[in-house]
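Okay, got some structures for you below.
Heads up, the next two complexes both have chain A, just with different partners, chain B and then chain C.
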Partner chain A sequence: MLDYLARRAATYLLVLVAALLINFFLPRALPGSPLEDLSSGVGSLAVAPDPATLEALKRYYGLDQPLPRQFLQYLQGLARGDLGFSISYKAPVAKVIWQRIPWTLLLTFSAALLSCLLAVILGTRAALGRMREAAVLLPAVVLDSMPPFVLGSFLLIFLGVKLALFPIGGAYTAFANLAGWEKAVDVLRHAVLPVLALSAHGFFGAYLLVRNSVRLVKDEPYVLLAEVKGLPRHVIHYRYILRMALLPVVTFFSLRVAYALGGAVLVEVLFAYPGLGRLTYEAVLNHDYPLLQGVFFVFTLWVLAVNFLTDLLYLKLDPRIKEV
Partner chain B sequence: MTRLVALLAAVSLLVSGCGTKQAPSGGAGQPVGGGAVAELKLPGEDWGLPSPFTFYPRGPGYLHLSFIYDTLTWKDDKGVIPWLAEKWEMSPDAKTWTFVLRPNIKWQDGKPLTAKDVVFTFDYLKKHPVEWFNLEMIQEVKATDERTVVFTLKSPYVPFLQQVAGNVPIIPEHIWSGVQDPRKESRPEMLVGSGPYKLLSYDKSQGAYSYQANEDYFLGAPKVKKLLFVPTGDKLASLERGDVDFADIPASLAAKFKANPKLKVFSIPAFWVLKLQFNVDKEPFSNAKVRQAVAYAVNREELVKRAVPGGLEGAKPGSPGFLPPDSSWHDPEAAKLYPPDVEKAKALLREAGIYDRDGDGVAEDEKGRKMQFTLFAPQQYTREAEVVKLMLKEVGFACEVKALDMKTIDGVISSGQFDLAINGHGGLGGDPAIVMGFGIARGGILTPGTPKDPAYRELAQKLLTTPNPEQRKAICRQMQQMYAQVLPCLPLYYPIWYYAYNPAIFDGWFFTAEGGVGIGIPMPYNKAAFIGVR
Partner chain C sequence: MHEVRTWVAAWQKIPMAWAGLLLIGLMVFLGVWAPWLAPYDPDATGGPPLSPPTAQHWLGTNALGQDVYSQLLFSCRTSLLVGLSVGTGATLLGFVVGAAAGYYPRVLGVVLMRLVDVLMTVPRLPLIVLLAVFLGPSLFNVILVLIFLSWPGIARTIRSYVLSLRERDYLKFVRFAGGGFIYVLRRHLLAELLPLLIAKVVSTASYGIAAEAGLSFLGLGDPTTKSWGMMIRGALNYPGILWTPAWTWWFLPPAVAVSLAILGFTLTGYALEESLTSRNKEVDHEDRAPHFEGERA
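Coming up: the complex of A and B.
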């Protein structure tokens, strides 16, 4: 077991180092720079700062140093837990990111949970022949083939504007100063549309996965044995079949959570949701190197952490992995 | 994506016959007695903490700042008006500017604002420069008494009112004198200005701001008591829901919004240009004849009509002289140059040795190189790029459109690794010495798009230092003629911006003269409108 974990840890470390290198050098390989972005873009001006000001700002943000030096400073900062200072947001990167993380966690976990839960319930029922599949298949295929932001746009127009059931911008009502239950309800109401937009996409895959693995498992000899022993049906279904069938679903769920970060970008932009996805979008547009490094660093940690947790869960669900 | 939402919104407007759901406003936002507005809700987005050192150096960021801080002069719909300064004087050589402050102006914390604060502001900004404020021309700032400030410049600088006096926010010495690194100063209680509004709350991650009127303001208590910038993802939907009382709308939807009895629509010149940039340092576009041929080949009027059906309503075709027809400095003669003429374009190209030698539809130059280029274009403007591509095909140029984001294209252009690129920028309503001169006036940075011709640079310098308005007009006309001949870039069009608002809440919107607020921000959020002092 320890040996297994040690091997995994070594792999993670290697991935982390590679990611750090890419995170640092990739944004800098883009044409343009964070201080060059004043002169274009919709609604912006032909402001040309004088050369002395530009020099002073480059010095201030450390952009006048040679790249290897900047990288070293970045690593030294990381070692101290300092992610740097955002050029476009004029605030410490760690603080900017920290404020955004809970919102993205809320969206992605709720969406992944919702789609996986539905998939497990409907997939099991379908595999055990308890419902007609056609009712699920068609809407699931349609919804699944839609990019989340397209579905989001439809939800926004119909549930948000026409029926005015849910708020369409932000994560909570601005200036309302709510507290306790009222605040929780307010936050949930704001999360409904983005979560729905995110959860439809991917449901179909999860559904098929559950249905097929339940179908495979239910014909296994050990299930037959359990039936022969006369165990109650719900025990067979949940303890014998579903538990084995869940293994791929766990992988799927964690992949969804890891991947959801990327998928959340456009949905967050659409609903002005203050999450990491929207932040990434803005950081890329602004060529804000420190912020981009910070965001990508968090993404890297996120994916690694999800992977690690999945590994642990696997050990619990299927102890045989330890021996491999 | 915005286009998609706009399309969906259009569809839904059609379906419902333009019905608007009124906001469950619950008392807030209703006009209160004496023409005052209790609360005005505007679309919010994060533009940074509105201090002169932490705002995001863009138009909207500056506007937020201007609610809290005042400048020596300001602008309304007619032109420059006195603000902190009640009068000013330019010396005949435009090298010395003297401003006299109004008496009894107070900071929001009650302390008096004096000439010493003005001097401090400029000294402090020299020490802690901010991209937005160009103070290079200033030699010295001195207070001669409590209310008089004298600026001595290194060289004559005519657009001083717009670029400096009407742009630099005056900050209180007693707040900032002890601050070592103002860019890291994020305590909201430091934001003490002299302006009509105080910052009540700022939520960075949601982009929400609330401002409370400063009832003791020296121009009288503001008419709009509360300015709220609320987070909005889709502005049209938010306007329709009543979440906001004002929003910019796409030109293609202007007619639909006009049909809505509860909303009013107005439009303003954007003073923004979409232009085709040539790489003047690289063959074949280093040859002026080739650039002129492109100008004959690209039919700007047709482009405006065809590129985005309905989306460019009111946009004006590009003038080869660069300045838009909405600018008072525009030269109509330069605008008439290069009417659409494919034959003329081909003839010019032939003079440059470029024509289709092997009959494959693509021209070659004398060395046999095919005229095949990558045309870089911002994602939002790929349709325009496709139309340009088709027009260039007529004269034997084969282009492949490559979509990137605008800032990346900026980077591509300044790196010089391109032949043709489409990009845009605003600020065309500013002083022509800045707009037409770009970097020239600023110690020789040459922004791509500026003719490198010494004669042109001389004219730009003259425009900067000539105080007489009539002479300035003449110089500016000459520059546009020259620009059209050199043609470092070809302006494609100048769009019009549309806004829709709820007049039941606030009806005092106007468009600021001389290209917009401050150095020329063409947005209607002018604090003079909210104060009601126009």
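Coming up: the complex of A and C.
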């Protein structure tokens, strides 16, 4: 068991190193520079700072140092929890990211929960022959084929604009100064459309997983024994079959939570939702190196943490792994 | 050859496969003949702006007076190109790497699989976005980035197949007779795994089409090539479009087209993989029957 965990941990460490290297070197190789932005203004008001000022700014941000030295400073900063200073937001990167995290967590957790819950209910019914599968399969395949941002646009048009059931952008009503219960309802109403767009996409995979997993488990000898013992059907279904069949779903759920974080980029851009995905997009547009580095570092840490937690959880749920 | 025939027979029983093939066929036809089918240059701005569908402009025009129908056809060409290149490229790369890892499991295999683990753990879309920006907006770069990020999963599947295949008697015999890796790869592994590889090309193509549309939607695609994602971006960014009827001919066609294209590849890929598992069941069944392993060679 320790061997298994050690192997996983070694992979995660490698990923972290790879991500740090990518994080650091890729944004620096991007065309353009954050300082170029200073010399462009609006129309005739364009101002070009003199070379001395640019030099001073370069020195101030440490951009005049050789790359290995910048990298060392970057690592030292990370160790102190300092992710740098965002050039476009004029605020510490850690603070900018911190404000965005809850919104993305709200979206990804709700979407993963919704798609897995539906998949467990429908997948189990289909595998146990208590439901015609065709009724689920075709809509699920069609919904799965729509990229989340396309499905999101349809939801936005029909539910948001035509029927005006839900707000079409943002995470809360600006300047409304709502509090308590009203504020919670407002936030939830804003989350409905993005969550629907995200969850439809994960559903089909989860459904197939549950269905196949239940199909495999229901023919196991121990299920037959339970039937022979004359246990009631719901006990066999939920306590015997589902418990074993849900093991892969645990992994699936955490993978959704881990990777939906990145997948939310398009949906967050579409709905102008102030999460990490939209922040990534803004950072790329603004050539904001420190912010990009910070966002990617958080993305990677998040993926690794969820993966590792899943490994631990899996050990707890499936004691058979311990013997390997 | 016999195996391929049973595989085709099994596949024909799945009605979804026909719907999928039909969609792919339609897409190939429209994509290949786009320059001849399109009534206008997709970049020409001659028409009346935001015109609803008319006899001159079958699907109307966008805000710049460009013909939506012509843009739709040329975008189909782009999606087809990206989908098939990404599907084929990633599958070939995944096949060679996976086969090498399965054929030399001790050192090379361990190193390659570590690389696969790392690439599969890194969050994908943010990395695609970053690489697309870094490499600059060109269709070729988009294809390269998508291939780079889609091969690892394929390599892992291929490796597990090759690990078991190499223990078959006939392959042991080929090795004993002096057949090297490249020879075995070309003559035996390719033939054994062809159905699986085709399924991977199709399912990866559907991923490629979706990813390209997403990148263009973010404005990170090739600005000189027409693309459904870019059309959607243009339509949705036009102020107030959703409160006028214009979205029905500017936004709707590319949105439906990209969904149908992905649906076509997904259905076909799903049917292929279902038929593979049913084929494997038959093979398993055969394996249980008493016969000499060597017979198969």
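Please note the rule applied: the second predicted complex is superposed on the first by the 298 of 324 C-alpha atoms of A that agree within 3 Å, B and C clash if a C-alpha of one lies under 4 Å from a C-alpha of the other, contacts with A are read in each partner's own complex, and residues count from 1 in each chain.
As a working rule, a residue touches a chain if its C-beta (ideal position, glycine included) is under 8 Å from a C-beta of that chain, and two chains touch if they have at least 3 such contacts.
Keep in mind that this is a model prediction, so the values were computed, not measured.
When the two complexes are overlaid on their common chain A, residue A:Gly170 makes contact with chain B while staying clear of chain C.
Using the contact criterion defined above for the overlaid structures, shared-chain residue A:Gln99 touches chain B, although it does not reach chain C.
Once chain A of one complex is fitted onto chain A of the other, the partner contacts of A:Phe154 extend to both chain B and chain C. Once chain A of one complex is fitted onto chain A of the other, the partner contacts of A:Val269 extend to both chain B and chain C.
In the superposed three-chain model, the partner touching more residues of chain A is B, compared with the other of chain B and chain C. By the touch criterion defined above, A:Leu57 lies against chain B but remains apart from chain C after alignment on the C-alpha atoms of chain A. Contacts of A:Val142 after superposition: chain C is touched, whereas chain B is not reached. When the two structures are aligned on the shared chain, A:Tyr281 is found in touch with chain C, with no touch to chain B. Of the two partner chains placed by the overlay, neither chain B nor chain C lies in contact with A:Leu114. Put simply, chain A uses residues 30-31, 149-150, 153-154, 156-157, 161, 266, 269-270, 284 to touch chain B in one complex and chain C in the other. Residues 30-33, 35-54, 56-57, 60, 85, 88-91, 96, 99-100, 103, 149-150, 153-154, 156-158, 160-162, 164, 167-172, 174-175, 266, 269-274, 284-287 of chain A are the ones that touch chain B when the two sit in their complex. Those residues of chain B whose C-beta lies close enough to touch chain A in the complex are 1, 4-5, 8-9, 11-12, 16, 21, 44-46, 48-49, 53-54, 56-60, 129-132, 134, 136, 183-184, 186, 201, 203-208, 210, 228, 230-234, 237-238, 240-241, 243, 272, 380, 405-412, 414-415, 417, 423-428, 430, 434-435, 438-439, 442-443, 445, 447, 519-521, 523. Looking at the complex, you find that chain A touches chain C at residues 11-12, 14-15, 18-19, 22, 26-27, 29-31, 141-142, 144-147, 149-150, 153-154, 156-157, 161, 258-259, 261-263, 265-266, 269-270, 280-281, 284, 292, 295-296, 299-300, 303-304, 307. Against chain A, in their complex, chain C makes its touches with residues 16, 114, 117-118, 121-127, 129-131, 133-134, 136, 206, 210, 213-214, 217-218, 220, 232, 236, 242-243, 247, 251, 255, 258-260, 262-263, 266-267, 270.
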